[in-house]
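Each structure below appears as structure tokens.
What follows is a pair of complexes built around subunit A, which joins subunit B in one and subunit C in the other.
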Partner chain A sequence: MTARLRPALIAAAIAMVVGEIAIFYVPRPPPPPVFAALTITTGAAFLAAGIAARDRWPGNRVGLLFTITGYLWLLTWLDHLPNSLAFTYGNLSWTWYQAPLVHLALAWPGGRLRTRFERGVVITEYAWIVVSNVAALMFWNPAFSGCDATCPANLLLVDSSRPVYDAINAVAAAVSIAMTVTVLTLVIRHWRAARGWSRRAMLPLVWISFAVASFLAVQTVTSNLNLPVSQVLLSDIAPLILLAGPALVVISTLLSRSARGAVGTAIIDLAPGATPGRLRDALAQALGDSTLQLAFRSTDGAGYRDTDGRRVDPARPEPGRTMTPLTEAGDAVLVHDQGLEQEPQLVRLTASAASMALEHARLQAAVQAQLEQVRASRARIVEASDAERRRLERDLHDGAQQRLVTLSLALGMAREHAADADPALQALIESARKEAREALLELRELGRGIHPAVLTETGLPGAIQALAERSPVSITITEVPPRRFPAAIEATAYFVVSEALANVAKHARADAADVTIRELPGRLVVQVADDGAGGARAEGGSGLRGLADRVASVGGVLRLDSPPGCGTRLEADIPCT
Partner chain B sequence: MKPEAAILVVDDHDGFRVFARKMLEAAGFTVAEAATGAQATEAVRAVRPGLVLLDIQLPDCDGFEVARQLAAQGNSPVVVLTSTRDASDYGGLIAASPAAGFLPKDQLSGAALLNFLAGSPP
Partner chain C sequence: MHVTDLQAPLRVVIAEDAVLLREGLVRLLGEAGLDVAGTAGDAAQLIQIVSAERPDIVLADVRMPPSQTTEGLQAALQIRREWPRTAVMVVSQHVETEHLFELLADDASGVGYVLKERVADVRQFTDAVRRVAAGESVIDPEVVARLVGRPRRNNPLETLTGRELTVLALMAEGRSNQAIASQLYMSPKTVETHVGNIFAKLCLEPAAQDHRRVLAVLTYLRR
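Right, the complex of A and B next:
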């Protein structure tokens, strides 16, 4: 609605209502207050609904139809004016408002008539209601309706004939009833054919159509056939039913607001990182549209597939359905009932909510993927570090250690050759040999700390036994799996035992310790338990922290149980295949 | 005691073999050399040494495996495992091996090998 049209419509509606009051109260004795109030309220409600509908659905004809109905309803009471032209018009147009009402029922909610047949029905209704009233008025003497000589004249009167007038009205009543049945049937068909949001929007109209049609049928039949029905009930109270028409706009607005709230609640209730399938289900439930589809562009770029894997073509949606993109790139789309386009705010909210939920899920997946990358990267770093340590130990063994061995042997031979030489020279050679041996011992210790060769060559049984043999504390090896494991797993298990036994020797004040490496389905559990003083803390030294990092690098967990006075148990749970 | 048996030195480090040969020949042994496990098996058949000084870490297989192969042949020589590493670096593998014992490389001497030949390792 343009900015200037809206105030003009409001001003016109107010003027119409004020004019209606003037019509009722200025010229002649006023009608009963209840009648006047209901008549004016009904007309004003249609005018207000027309403005509200134009506000909510710009470009939709239902607003115009509400407005026309309101004006036609109010103008028909011009017959209260003491003027023949106004009197004639009022009596001529007293049922004209029914034509836009029929039009409205068949065009709801999109504002357009769906088939050629329906256009024919509406045109027939407009034409018949004018023609039949003109025909009836040509033979209607106001005295037939109890008007006395003070009534203005019927300007269309050709021949005052009660039988002709009654015959025309009888035909009009039959046609009106046929039209009412036709419209009701079409409305029910619309509702049954509708899916998703359209079906939801159609439901109130079905009930309202029944009520309004019943009222119109009763009014037409009783007035045309002069049946003895209370005029107060028929003309004064019954028009209240017409208020159900404007109520459609209110109900529709409430439905939309309720759906917006439901979409918001659905997104809030959705578990973080929910799958697209769960998101679709939540939105479908919130919108009451079980046919809602959430589709994504295929990774190969060839078309879209919905959350059930069905192919979707957003460029050619099925009849009655339309597509709303969720991202600027159009990678994800909502395929929904076309009727939802009547609620652009709801569509925008749904699309935004879905987009946010998908973005949330995407970010969570990205964080998860990055976490996996970091985990894999950490595992690779540890593996590379292990490989480098193995290489260093091997280089020490093959290089410096071999040379020192050779040097030591050479010095031994030199000492023998120098048996008859200067004692000072002999002492010097012996000293050099001793230094060489010391250096060799230190290199052995260094190499052992860098990486245990026995682990590389024989696996855990030999390596753990070597650790036990070198420990100053009495060590019992309860169980060690004989088979080989991946190098990273063996190294991790070895370093857990090595660090634990080093701590037992240094800090535990223990007499004995027990080492168990048990293979369980999918994991290796390493336990070192001592009978020492306990009281060890995981955060107490960098050794255990580093060990926990090391265990975590292969996806494992390190646990420390060390109550004061009750020994210490270090356990590593390492996943393995 | 004059050594009569030949010694087969099995080691992939040329420098060690050279010094071992010099030392053992100086001690009166006849010395043959092999650089790999496969060569060692061949040399035992050809030379029939009284003692094999067998490095644990060989390029083609480890000394434990070679010791097992030699023991399986029957009428095998005395096998003494050796390494620049310490015996404790090998856990219980040395004890489980059919070898007569272990001698760290830096403690190699003719006297030590004679002890092994006499059946009384140091």
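Right, the complex of A and C next:
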């Protein structure tokens, strides 16, 4: 069916409904208004369901079946016209609408009959319903049904024979019941066999089939056996049950809508950075499809694996399942029940929601990896700079300092040898000796500033002790772990204390300070607290920012607590093993 | 104690990895009348020579190959353990006291810790070598000055007079009462009074022997 057909279908449906009103109200005293209204409503509902189903599932035969059922149902009431042809057709076709109904029940929801047996059942139903009605009509005198002489003639009447007519009807009733049981059984089997989305779509049909089948069975049995059942109940009210058929379209639409909402909610509720496994679970729950699989192309390029690690072949999905790619490159696919293809919008929504979540997770992972890289490279830079400083200090010690010591020694000996020499020469040697000594002192301080040898040689206790000894402020060392730590950790802790004590001496106007380095499980906490003026700021030029960077390079944090007038407390929390 | 024959020259082994400096030290000590029994460029060699030569004193640089950290110091400690009759004098470029206290451990007799630049004063340096060889303790004045000058909370050193502070520093450098007296131009009696006052003010147990006194004073100062 094409899109251009839609206006034609709508026009035809409206014409049919108007025609039906005409059938009921133009020629004869009209039937009871309740009956007319229900009959027309039921037919109109099937026509509407046909158009709606065609809109929702283009190419699916169920729309056509709804439409046929609607027309057959409405045309049955042509027997109200005072015309023999119409009268004959109406009485001939009064159960014909049941055939497309059976077809619909067996073809739901995909529109295709599943097995050859079911095709046989449907063809039998179409054939039988025509043949049995033609046969019955050949022996039906309208008078059997209480129709007086004003009734139009039965054009198919061959022989007015009540017994033959009743016998044919009895056989028809038996076949009808058998057919009803068969269809019900098949529908239940379809439902039981269905998985995932298809099972969801099947469930309302099961209930509706029960209702409609019961109605048809009751109608068939009572009309054939002439049981004393209220005609109003049977013919006027009962057709209401048929409305359940069109309701199927409404229900399935609602199901799809609610699933779309559920998918949206599931994605919104998904925690940021959730694993693909969690994403799959959320989607599976939203779609009511526990068999849903989210599969990714293996990193080695060999096939796909789902979130549980099972192999998945998207090129050859298992029977009844289908694959929807989530990314353009096809790195991730959703493997789901084929029935979900009935709901392309839902599939699109699910796929785009899933790919969005995956993309989010991928970006997050990428950012995380980049951050990790930056962290690692920062740590490497600091380590390299530490190593460079150590090397510089060593070069200074082994080179210039050693040479200056040697020079001093030579000058010292020269002074001894020149004891009897010219006083001017002695003075010259003496001043050279002093210069050499000054140079040595300066070099020693320079070397210590570059990298404290005592830290490399003896670790934190000696190095912190040395800092305390040098400080112009009274320092109490409360605690320093005696063991050695990785060089980067020791250097960081050392520089924290060194920088803090330098600040204490320079800015704090403090009398005393406490240094504590405490080893806690997995971390080293360095604290330097003074009793000075406080009010230190990390943003100031106190070197604290550089220190914070240094601490961060080993994954630690630096905290500064310095209320004005209440001393300063600098704390570094350094992870270590 | 180290019994030194005044007639025979002191036998010294020098451990220093910088060749020029080592040769300079050999000359310096040789000219000062000491007998240089051997020289070593690293710790292992030092131990080997000391084991063979049993010198009166070892002069060792703290930092030596291969790791250039504290091999010399470790070797000095080993020598003190294995050959107690050999005195050790460690030369260092560190004013920090960590190595000093490691070296002293619990016995300061026949131990010296001086800064390398002291070699510039030949007489002072050879005097220090002789004193250590004689079983005294010699601690570099600059290291001591740093310990004495450290700021302290409720500083007990502030209760000392200037004279007493000077005496305290000299005690920490390893000087005997006799030496302090002659250096400060005091009578030994006056020095004894000062020492008594210092110990009382600092709540220290008086120590009879000089090398025990060094340890007590240094430990106090480092606290």
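The rule we apply is simple: the second predicted complex is superposed on the first by the 518 of 577 C-alpha atoms of A that agree within 3 Å, B and C clash if a C-alpha of one lies under 4 Å from a C-alpha of the other, contacts with A are read in each partner's own complex, and residues count from 1 in each chain.
Keep in mind that, in the parts below, a contact is a pair of C-beta atoms (placed from the backbone, for glycine too) under 8 Å apart; a residue touches a chain by one contact, two chains touch by 3 or more.
For clarity, every value in this text was computed on a predicted model and none was experimentally measured.
**Q** Quick one: classify A:458 as touching subunit B (first), subunit C (second), both or neither.
**A** A:458 contacts both subunit B and subunit C.
**Q** Check the residue A:403 against both partner chains and state whether it touches subunit B (first), subunit C (second), both, or neither.
**A** both
**Q** Specify the partner with more touching residues on subunit A, choosing between subunit B and subunit C.
**A** After superposing on chain A, more of subunit A is contacted by C.
**Q** Given the touch rule stated above, what does A:412 touch, subunit B (first), subunit C (second), both, or neither?
**A** The answer is both, since A:412 touches subunit B and subunit C.
**Q** Now for A:444: first (subunit B), second (subunit C), both, or neither, which partner does it touch?
**A** both
**Q** A:466 in the overlay: touching subunit B, subunit C, both, or neither? Say first, second, both or neither.
**A** Both: A:466 reaches subunit B and subunit C.
**Q** Report for A:479: first if it touches subunit B alone, second if subunit C alone, otherwise both or neither.
**A** neither
**Q** Check subunit A for residues that touch subunit B in one structure and subunit C in the other, and list them.
**A** 397-398, 401-406, 408-410, 412-413, 416, 436-437, 440, 444, 447, 453-454, 457-458, 461-463, 465-466, 469-470
**Q** Could you list, by residue number, the parts of subunit C that touch subunit A in their complex?
**A** Subunit C residues touching subunit A: 18, 20-21, 24-25, 27-28, 31, 63, 68-70, 93-99, 102, 116-117, 119-123, 125, 146-147, 150-153, 155, 222.
**Q** Across the complex, what residues on subunit B touch subunit A?
**A** Spelled out, the residues of subunit B in touch with subunit A are 13, 15-16, 19-20, 22-23, 26, 57, 62, 84-86, 88-93, 105-106, 108-109.
**Q** Spell out the residues on subunit A that touch subunit B in their complex, using ranges where they run on.
**A** Of all residues in subunit A, those touching subunit B are 397-398, 401-406, 408-410, 412-413, 416, 436-437, 440, 444, 447-448, 452-454, 457-458, 461-466, 469-470.
**Q** Could you list, by residue number, the parts of subunit A that touch subunit C in their complex?
**A** Within the complex, subunit A contacts subunit C at residues 394, 397-398, 401-406, 408-413, 415-416, 433, 436-437, 440-441, 444, 447, 453-454, 456-458, 461-463, 465-466, 468-476, 511-512.
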